[in-house]
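Order of writing sets the chain letters: A, B and C. Residues in each chain are counted from 1.
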Amino acid sequence: MTRRIAQRLQDAGLLPAALPTPVASYLPFVVSGDIVAVSGILPTQSGNLIATGRVGESVSLETAQECARQCAINLLTALARVEDETGRQVTRILRISGFVASAPDFTDQHKVMNGASDFIVNLLGDDFRHSREAVGVVSLPLNAPVEISAWAMLSPDSD
Amino acid sequence: MTRRIAQRLQDAGLLPAALPTPVASYLPFVVSGDIVAVSGILPTQSGNLIATGRVGESVSLETAQECARQCAINLLTALARVEDETGRQVTRILRISGFVASAPDFTDQHKVMNGASDFIVNLLGDDFRHSREAVGVVSLPLNAPVEISAWAMLSPDSD
Amino acid sequence: MTRRIAQRLQDAGLLPAALPTPVASYLPFVVSGDIVAVSGILPTQSGNLIATGRVGESVSLETAQECARQCAINLLTALARVEDETGRQVTRILRISGFVASAPDFTDQHKVMNGASDFIVNLLGDDFRHSREAVGVVSLPLNAPVEISAWAMLSPDSD
């Protein structure tokens, strides 16, 4: 079944979600050979950010974790579209990179990013455990609290 | 034609450009199999940064976009050298990562990075649309306003 | 010899080192095909950070370089484990990404990262020169001064 991710999102009541439109002149994802590069994704829902600001200032850890989870939903929505467009299956997530807009004294970026990692693994299983970066940045596009990008692998082309 | 990028840069009056020398003990790019990893590149021209400082403080959005464009010129210069050294063609840019030295209240990193993305696509065409990260960092090497790194794919080795 | 990295670490008196435990629900590394993605690694030794704080404030350049070197030791420890688990050899490091927790006026992130790059090349030789990102971030997990992630390539699978 190549549309596994879409099915799992649907089972969790999270589909159909609209894939966020890039806020600039780039692509939401690129497929080349077996590799998928997914652009930095913001925590939008129906086109609007679910929160804005810096974690440790106007944004709480709990809200930031919700933002990371929403980024992960949008990431999986992108990967579901990759499966749909290519007829191939996403077999692994190699890396997710988490950029957390942080107050200078906020040092729990890893806890924020668990909101994404835990969601992905709970939905798709242990095969979707991944490597990860989590860093605290001063600001993000549109004043988003979290931005997540990813690299994934596809099953071999049937051609 | 394997030297497409060099030709396009030359057509635009942007060659011969010197490839920026890494400011430390690393390589400007690494080729392994079909993959090219390009190091973080600063907005230098003839060896000098075209601006310094943080966007939203001493650097305007317009200047930052010029910096992103200059990073993209330097990136394509590096990819032109890859084509020259390998005799292979760069077929895709998978990802560009844009780090923008940002004042805390500057949240238009995506607009800065359009200075790079638009330049690349205008010069090389829609096949060179790419995935992207854009984040706001507190500072960059040599007080540069922008740093851009990239991943690209090469045509199969003819061996 | 597939266990080259472990041997070199041992020769340098740096083994057996414990691989740092991820501080959250992700993997220290992922192998897929010939590609290895290594998670962001902090400068821990025997489970404790060797320093905390921002470079240019409570952390000196020299201490930050030591932190980058410790991250590199932990990175090579992870790659030694990859060699051990897969029976394959790490042939290249494609990219190391260095995130340096920085005071706003600290702009020597590249010098910090030389602490990692120089260590790797001195230990493993010129074949392990790599592409690199070096950026200044506002804060990192657990108040670490440096976080380094990496991408590497493995020798072809013997199967």
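What we mean here is this: contacts are C-beta pairs under 8 Å (C-beta built on N, C-alpha and C of every residue); 3 or more make two chains touch, one makes a residue touch a chain.
Because the structure is a prediction, the values reported are computed rather than measured.
Colleague: State the superposition rotation angle between the two copies chain B and chain C, fitting on C-alpha atoms only and giving a multiple of 5 degrees from 0 to 180.
Modeller: 120
Colleague: Since chain A and chain B are copies that touch, is their contact same (over half of the numbers shared) or different (under half)?
Modeller: Copies use mostly different positions to touch.
Colleague: Give, as an integer number of Å, the spacing between the C-alpha centres of chain B and chain A.
Modeller: 24
Colleague: Which residue numbers or ranges of chain A touch two or more of the other chains?
Modeller: Within chain A, the residues that touch at least two other chains are 137-138.
Colleague: Can you tell me which positions in chain A touch chain C when the two form their complex?
Modeller: So the residues of chain A in touch with chain C come to 34, 91-96, 102-111, 113-114, 117-118, 121, 129-138, 151, 153.
Colleague: Could you pull out which chain C residues touch chain A in their complex?
Modeller: Those residues of chain C that touch chain A are 22-30, 32-33, 35, 37-40, 54, 97, 99, 101, 137-144, 147, 149.
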